[in-house]
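Please find the structures below.
Both complexes shown next keep subunit A, but they swap its partner, so subunit B is in the first and subunit C is in the second.
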Partner chain A sequence: MNQADVSKLVSKLRVKVLPRHRNLPGPKGPEGRIDKLRKTVTGLIKFERIELNYNRADEARQYAERLISEAIRHGDCHKPTMDTADFWLLEKELVHKLFKVLVPRYESTNLSYTRLYNAPRPQYGRSLDKVVLELRGNPYPDLLNNKSNNRLLIQNVLLDAAKNEYRQTKIAEMAKNIGKVGATQNTDSKINEAHEKPNIS
Partner chain B sequence: MALAIRWSSSEVFGAAKWFIRRDCRALSTIPERAEEQTVSPKRERQATSRVRISARNPNLGLRHAYPEFLPDPNPKWRNSLREKLERSDMLKRRNQIDIPEFYVGSILAVTIADPHAQGKTNRFVGICIERKGCGLRAEFTLRNVVDHQGVEVRYDLYDPTVQSIQVLRLEKRLDDKLLYLRDALPEYSTFSFDMDPEVLPEGTPVPVNPVQVKLKPRPWLERWERQELKGVANIEEHLKEKDRVRRELRATPWEKYDLMKQYRNTIPIEDQNDIWAEVNHQLRQLQLTRKTTARKRTFTTPKSQLG
Partner chain C sequence: MIPRFTHVLQLMKNVERNLFHMFGYHPPKELALAYVHEKKPVAIPKKFSLKDIVGDGFLLAVPKFRRTIEKKLKRKFGTPEYVWKMLVPKNDIKVCQTCGHHHEKRRLCENCYTKIKKETEEIQGQIKEKLGINPIEHDVVVLYKGETLPDQPKEFWKGKRIIEMKKERPQWFSKNLLEKTTQQPSKSTDVKPTDLA
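Moving on to the complex of A and B:
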């Protein structure tokens, strides 16, 4: 049993964190792992949407989330946070982007700062799982093709037509019934029968 | 003087305002822009995130004095119900005996029930060299040199056989663990058993003792030269060229920036807020009762031995 480290305070991440880190194998060991992750985090902050292998993406995602949450918590006047940003962002103009663009963007959000999508993989051959890692609120078009609200989607067009047809029949019936009610006073049961007839036919 | 008179009153007023805004530091090199942000606190308050608000909780300061109330950060060993039960048991034990605030580097006197000792109790005085564990399994180690022989005793903090824990000197050291005292000269871990408790005035922060110990020549129990210790003075004297080269090879300067490693070793603020909200009231009550009893103890007049 270990005691929690109380010298540092960190804010909780909104993404899933595994109990143990992933080794990203390479000849340089743990240092090489951090180097790889630095490159990926820099790319993510720079391009806002990147496609890569799942393992590396999931690790880099956690580091990017931590970096942004530290930047939000301490701001740009905090020396250790500035050092950390300087270490993780290999291109130094991205430090300005982190503190001046990303911090205001994510300051009042309740969600995670990044998103991870599964990407298609080639059908044949030995390949690792591909994913797309992106920052939320990026300027690119949405990746999820969620058109359920689009009126021009074929399913929506057909549904609209069906609804319209149903409404027309209802109106026609009502018009017929109004005429009948004026001539002979129908009971409720007869109206029900009249309702059922067109449905059966 | 003539210049000042020639200035219009508004200009003088403006200059004075500028001078006051910069906290009367006319020669400071801090850029103007930083001050401009503080001038409009209203807008900043609106923009502050939930992250920053949750970090402002004053209860978070309790984590230094009561680190064992935080659970183990390893998610494999987490169990919210067990943690909650353990916290309530710890508070019950703290209602029974007074467990004072202490840190690694403080000098403690611990009395435990010992059926084989004379008078059925055993008292040991020593410097706390390590605090480990969380929950009811929290433990600390005391070290002393008795009759030229180093002695270390590991106590469980919530052990029911512990009868009293007294802090003789409340202070911190430069390092988180003082295990290097095992390889240091014995004078650095020698404390007399009849030491009088030193009382700090109320409200003072816990002092940090900047003493740097001297190590005995090798062989050592650990490779102290690789641990970046601040409290050791003469570590370079005992090193050969080979050791320096290997220290360089084994150095891990990137670990300082390994954000997820830090994250996996700590409990996040949001979780800590829940825990401290749960135990805060009772801990403050215990602190108050300790203060009042300490005050009473100072006012009691010694009874005359003759009557």
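Moving on to the complex of A and C:
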């Protein structure tokens, strides 16, 4: 019972972590693997959006998440965290970026700090699966801009205009028939039908 | 009786012939068999070599054994569980909600992605150019040509690096229909022909 709570010793990552690491085989062995991951983490922090092979991206993503979460937890006055940052970031000006830009950016979020998208595969030929790895809140255009529910999408604008026009004609018709008994009820139901037409989604 | 007599006769004939032989009475030489002595060289058995058959030509490899029907079919069509070589329809193609091109399910649309990738690389280049060798201490805000900072309190903009792109914001559809689009109107002076046919 006199044990430390493990969940408080290590930052819980907000991405899925596989039960076993990937070896990322190469002539240099495990050392080479760490070298590759350091390069990738550095690139990710530097450019905020990179495209690379799935295995390496997924592996590097976990280390980047861990690095950022440690930086948020302990701040820049904590020696071990600083050493970790120094180890993982090969370009030393990025240590400043980590503590001065990324920590404020992600302090109050409860989402993961990075995102991983599957990049399109070439139609012909064989190739490894590519992915796009990016930091959240980057200044680049959004990769998933699904605007189907956006009222400013051209289809929605046109549909709205068509609906409006239909409604106007119906109202004009109604105004014409005002006073005539029995005609008003019919037009009312038609207007209701027009209202129920949904947007494209 | 007669066989015994002929046998005795035969014996006597043999004896007579042998006696004549002993004393040098041979049959005349003209009746002798002609014999020519000839010493043939002994043929050394030659080793078999393909060159004798092929000469200047060449041989192609040929199968030694017949391939069984099962193996033939496996080679031709594969195995459904492992490698199935037949053409099978792909059911995970979706239509992009943004541009209408087709893309694989759970993957980015290629058309949109190439567009965004190009833009991203431009912004990255601009950031790198603007920053130089200074330490990265501020977040980046990207502004295009003719754009102003959005409405935010002044503290929000304090310590932000503003990167200005030297072109207009790429927009395939602007917010307001009356607003100027980024695409320039056509300047072509081609006149559509009339009175044809």
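A few comments on the model shown:
In this section, the second predicted complex is superposed on the first by the 155 of 201 C-alpha atoms of A that agree within 3 Å, B and C clash if a C-alpha of one lies under 4 Å from a C-alpha of the other, contacts with A are read in each partner's own complex, and residues count from 1 in each chain.
In the analysis below, a contact is a pair of C-beta atoms (placed from the backbone, for glycine too) under 8 Å apart; a residue touches a chain by one contact, two chains touch by 3 or more.
Note that the coordinates shown come from a computational prediction; the quantities given were computed from them, not determined experimentally.
Once chain A of one complex is fitted onto chain A of the other, the partner contacts of A:E107 are limited to subunit B, with no touch recorded for subunit C. In the superposition on chain A, contact is made by A:R49 with subunit C only, not with subunit B. In the superposition on chain A, A:Q62 makes contact with subunit B only, while subunit C stays out of contact range. In the superposition on chain A, A:V10 makes contact with subunit B only, not with subunit C.
In the superposition on chain A, contact of A:V132 is made with subunit C only, not with subunit B. On subunit A, the patch touched by subunit B and the patch touched by subunit C overlap at residues 104.
Against subunit A, the residues of subunit C that register as touching in their complex are 97-98, 103-104, 106-110, 112-113, 116-117, 119-120, 123-124, 127, 135-142, 163, 173, 175, 177.
Across the complex, subunit B is touched by residues 1-6, 8-13, 17, 19-21, 30-31, 34, 59, 62-63, 66-67, 69-70, 72-73, 77, 83-84, 87-88, 104, 106-108, 110 of subunit A.
On the subunit B side of its complex with subunit A, the touching residues are 34, 47-52, 54-55, 60, 63-64, 67-68, 70-77, 131-135, 137-138, 252, 254, 257-272.
Within the complex formed with subunit C, the residues of subunit A that make contact are 47, 49, 51, 93-94, 96-97, 100-101, 104-105, 117-121, 132, 139-148, 152-154, 157.
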